[in-house]
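Look at the two complexes coming up: subunit A is in both, with subunit B in one and subunit C in the other.
Take a look at the complex of A and B:
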């Protein structure tokens, strides 16, 4: 297991809402505008980076989120990854992409904290302090959005019906965690 | 508050964006030949008109991409949104 020190050390259950931090997960940021980039990622991860805005692709091991036309975020769906797995993946990507000037590979595992929200009331909770319109987002599995929640930058990935992963920067995670819990009490 | 149609992400609330000021200001080709007044004119002076204005905007809390917008500053009505490097669709 990876030796992370998670900032959130508890799991909360409210009325039809479950909130928990999922750690440890590998998160790697990819940037490239080269043509060969997609093929290289496909070879390494067996997933092609999504070109359509606000979407994601993935398999059992990894999810690949669209962040902008030349930026993607990989994260592992499996918490049992070892430190060796992480180093191996990062090295493979670095060797095939960064070293050959095909783009940039950055390990952001410690940068983002991933919070999993489950339950029928997650969008009621998020709508309390988010300017984004979730109407289409919640219908489409695999949707991705970067927006603000309670004035904090977040990335949201719609995993399934009534389940999403929320990424927040580590330094803001405790503040957002407290806000989520405070708001969840009134649902 | 108004809705902006980001050319990369789609419709989002204005609070996710930041305005980068007037667009299509060309950098002088020979800056060393300019007087201080001419340089200050290029660097600081902006029209800031009431009416239709060409502006640069950044989707700061989204895709972090810059783009151009044609906006009426008196009523925030957006006439066009187009990517950097593209020609304005309206005059």
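Take a look at the complex of A and C:
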């Protein structure tokens, strides 16, 4: 068995701020501009891909984030997924979407690292290096933004009040983790 | 001898908390709330520094950011000292250690003071006129000029303080916490708008907050008390953020502003530890209200720069706010009513004003009458013509002005004084307005530049005295009136205001006051920091300079750290008077950010040290670190460069690694290569258009190398693309080009080829790539994936297999960048490190050797494989690279095709890729070295340069690749590589040095 080795192996707590990498998490990128695509996703995941920009849809198992008019990101809400679950979902989607020429299904589970941030200070932290205006974002549960944090491309998903999931490319994740921890100590 | 000039009454500083500090080594005391300037003045210290050019003694002149003279060096450790800090802005803290600048050995006895006596020899433009001849002496001149240039001493160590940045968004940003700023902030917050109010001081209220004068009333209450209540009421607005000690540095277009917040500069050294010193706020505001106020002008007369000559409004602030007398024998010199308010404040505090010199004929205003009623002596229609005293003013001389104000008449009278307050009227602070793109207009009545309402950028407004409103009733009523329309308010809490204030009824302005001596015999200073005088400006005009921008640079007026806040208006006025031009037509110099100096620390924030630049790490990075890899920066990636063993240097390590890869097996972390997942029914057609070669017939399970061109036909990127399924490919790109390639391809799909059914998804970080090469690579892979048939028939070169290693799906490609029998394993990144370790274990018996980028470069150079970006530079076509075979001649089109047939790209004398062998096989060429044919011709014709060069242990000789004009035809030709100490003889060869028959690929 090959052992699973995520990049961030610690949980950190600061003044009303908790940060932790949530792994293993299934993440699948979807691309399509076909009419039948939404229906197919709805049948497989029991969620319809959101059409409104910078929003998300979801159920107990999965969140589905809008990334562009023809691109979405699925991630699992359940951290107890096994590699087999991941392969099964990927295969299922690939068979129904890619194979039938309804779009593109790509496994990006290890491409993105998901960092969960909780606490009332998260937006103070993010605003130290993110030019995005969080005023409306933080009020609206489920909102999504693709922006930069400390000059690194990230996706943010507003999970709940004072809780968000932040997606960063694996290769940048340790660098960003260091920055988050450095900035968090001044909150 | 220092004396205590503190009066024991005021509400603004904490006279119960005593603070000790040092100035020029002398231990002194002040109170909490003092600035360094107020504490020095309380200790009767006026002489603070020396001027830049003439080293004249200079004292504190103002109480704010416009201070030109009171700039000091903070800290006694030369490695960490902070230069050019304005004494008027730095708050006193326990342990503050300040010293004078621009003087040696001391501010009291400065050798450089000799310049003052040589000043007739040092007029404006002295440098330009003097150091032009003889031309050969310039380097000697430069040495001395550079040593005498600059103000203060830069620290020699890196800044130990912590700085950070903060983005902020608001509906309304109010800049300035004076009365108009407070009104603005309250109205904005009351409307429910998210509002930020910033002010550079530690307190709000501007000058009104200490204006305790019965002449100024709002709703029958003294204006300072009314304002104090308003400030208190701001606490009731949760949507209002107040930032004190925050100075606006820059106002960019579309309401993007930068502000610096001082967080710890006012704390004692011990209290600062571990805290952020300054924060740079990056603010996006829907609307901006500028309430930056105005500053008092000095008056220009001979020797107006002596320590003890202070702006009249600053004397008032020192007495009313800090409780500090600036002298014990004070006189005032003015052209307006403001100085009379100072006289009343001084009188109230028990400081007698000796005499008030006023250039006006008289004034009937209420405030002047109050002064006259106090029995103070006023000399009307008179001017100060000269001052005496070297390190502190001792006396001044006064004469009557002629009716036209151009001359003085009558007898001189002399007055003793240890402080002379001067007031030349007020200048609106329009810097921020103009930074944002606003245009100014000139108001002739009181000679001020004010914001032109018709040329104001949208969503901003200037209110209060920065908008040219100077009277209290005008400030309040016009601010409210303007805000009603700006914030769309129908009613406000300020609608029924009753304001009483004195009316200034008499105005007179003379930019350069006359003297009884010719101007050549006087020293009327304009720019106190740079020692530029009215004489210099007039000289510049005589020498033909007309534009204010040229005069500024020739005379250095306004080029100090104060950016001419006190000098610019007078320079303009004197130019206008001298040339007979209207000031409005002259315009102003350009106001550039920052408004006040910013520390480098605030600019860079936390982007220092380990946060200076990003580092991307592969999933196997930790293994490389543990195994002593030296790293190379490739793009933002940290790639293992080589793995030294037993004290090897890079050369030795690379020789060992490359030999091992050829003799047995080598392993490389190739995870950094860009990877793009391509899906869609038109994926093959898409690749046909993107690459120069044909893709439609590539079988599923096969790989192909492709060259990507720019529209100009030049090589842009390259890599191997694998067909995973009927409509599914994975493309690899160069490490550094990955992001640009993806953007370019997505751009083409969205804008040029929207008809194609193709989707791109980056998977660079999803898959890590482990490359194993060498004669034993197959044996190692067989141990890792025992179930897979690795025979050439089942798994030939340039093919791939889906497989499973343990529990994880992998893509195994048989491709080679070394010319050896090679495999690349693509595996999900979170399993890559463990797989790498398993490969190392499996390869132990075969001496599997990890190698880095340097060995990779050597191995591929032996085979003549190019590296895009090293052997190419955006000016080479495939044909230039001798890769004509990769151009699909029958293809309808691909990016860059048309350009390949332009007359320039088919020229035969273009630079073309060739191999090079040195006559001495041990001689390794330097990459970048030039190639010439004849060293004796002048100028020497450069034929090309070396792009890659190594010593090959496998060939036991030096090899190189180069680009050479007409290189394809020059095989066998002898050329020369001229180096600093020798010429190296080389021969042009084929680009492939090793295994030309490709036998090893299938070995």
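As a working rule, the second predicted complex is superposed on the first by the 184 of 187 C-alpha atoms of A that agree within 3 Å, B and C clash if a C-alpha of one lies under 4 Å from a C-alpha of the other, contacts with A are read in each partner's own complex, and residues count from 1 in each chain.
The rule is simple: a residue touches a chain if its C-beta (ideal position, glycine included) is under 8 Å from a C-beta of that chain, and two chains touch if they have at least 3 such contacts.
Note that the structure is predicted; figures quoted are calculated from it, not measured.
Engineer: A:118 contacts which: subunit B (first), subunit C (second), both, neither?
Structural biologist: Touch partners of A:118: none, neither subunit B nor subunit C.
Engineer: For A:109, decide between first (touching subunit B), second (touching subunit C), both and neither.
Structural biologist: Only subunit C; A:109 stays clear of subunit B.
Engineer: Considering only the touch criterion stated at the top, classify A:67 as touching first (subunit B), second (subunit C), both, or neither.
Structural biologist: First partner only, subunit B.
Engineer: Under the stated touch criterion, which partner chain does A:53 make contact with: subunit B (first), subunit C (second), both, or neither?
Structural biologist: The answer is first: A:53 touches subunit B but not subunit C.
Engineer: Comparing subunit C with subunit B, which touches more residues belonging to subunit A?
Structural biologist: Of the two chains, more subunit A residues are contacted by C.
Engineer: With both complexes overlaid on chain A, does A:138 touch subunit B (first), subunit C (second), both or neither?
Structural biologist: Neither: A:138 stays clear of subunit B and subunit C.
Engineer: Of the two partner chains, subunit B (first) and subunit C (second), which one does A:87 touch, if any: first, second, both, or neither?
Structural biologist: Second partner only, subunit C.
Engineer: Kindly classify A:18 by the partners it touches after superposition: subunit B alone (first), subunit C alone (second), both, or neither?
Structural biologist: Touch status of A:18: no partner.
Engineer: Between subunit B and subunit C, which residues of subunit A are contacted by each of them?
Structural biologist: Touching subunit B in the first complex and subunit C in the second, residues 131-133 of subunit A appear in both lists.
Engineer: Which of the residues in subunit A end up touching subunit B in this complex?
Structural biologist: 53-54, 67-69, 71, 131-133, 146-148, 153
Engineer: Provide the residue numbers of subunit A that touch subunit C in the complex, in ascending order.
Structural biologist: 1-7, 23-24, 29, 31-32, 70, 83, 87, 98, 101, 103-112, 127-133, 135, 150-152, 169-172, 174-175, 178-179, 182-183, 186
Engineer: Could you list, by residue number, the parts of subunit C that touch subunit A in their complex?
Structural biologist: These residues of subunit C touch subunit A: 162, 164-169, 194, 275-276, 282, 284, 606, 610-611, 614-619, 637, 677, 679-681, 725, 727-728, 757, 759-767, 805-809, 827-835, 838.
Engineer: Using the touch rule from the top, collect the residues of subunit B that touch subunit A in their complex.
Structural biologist: 8-13, 15-16, 61-65
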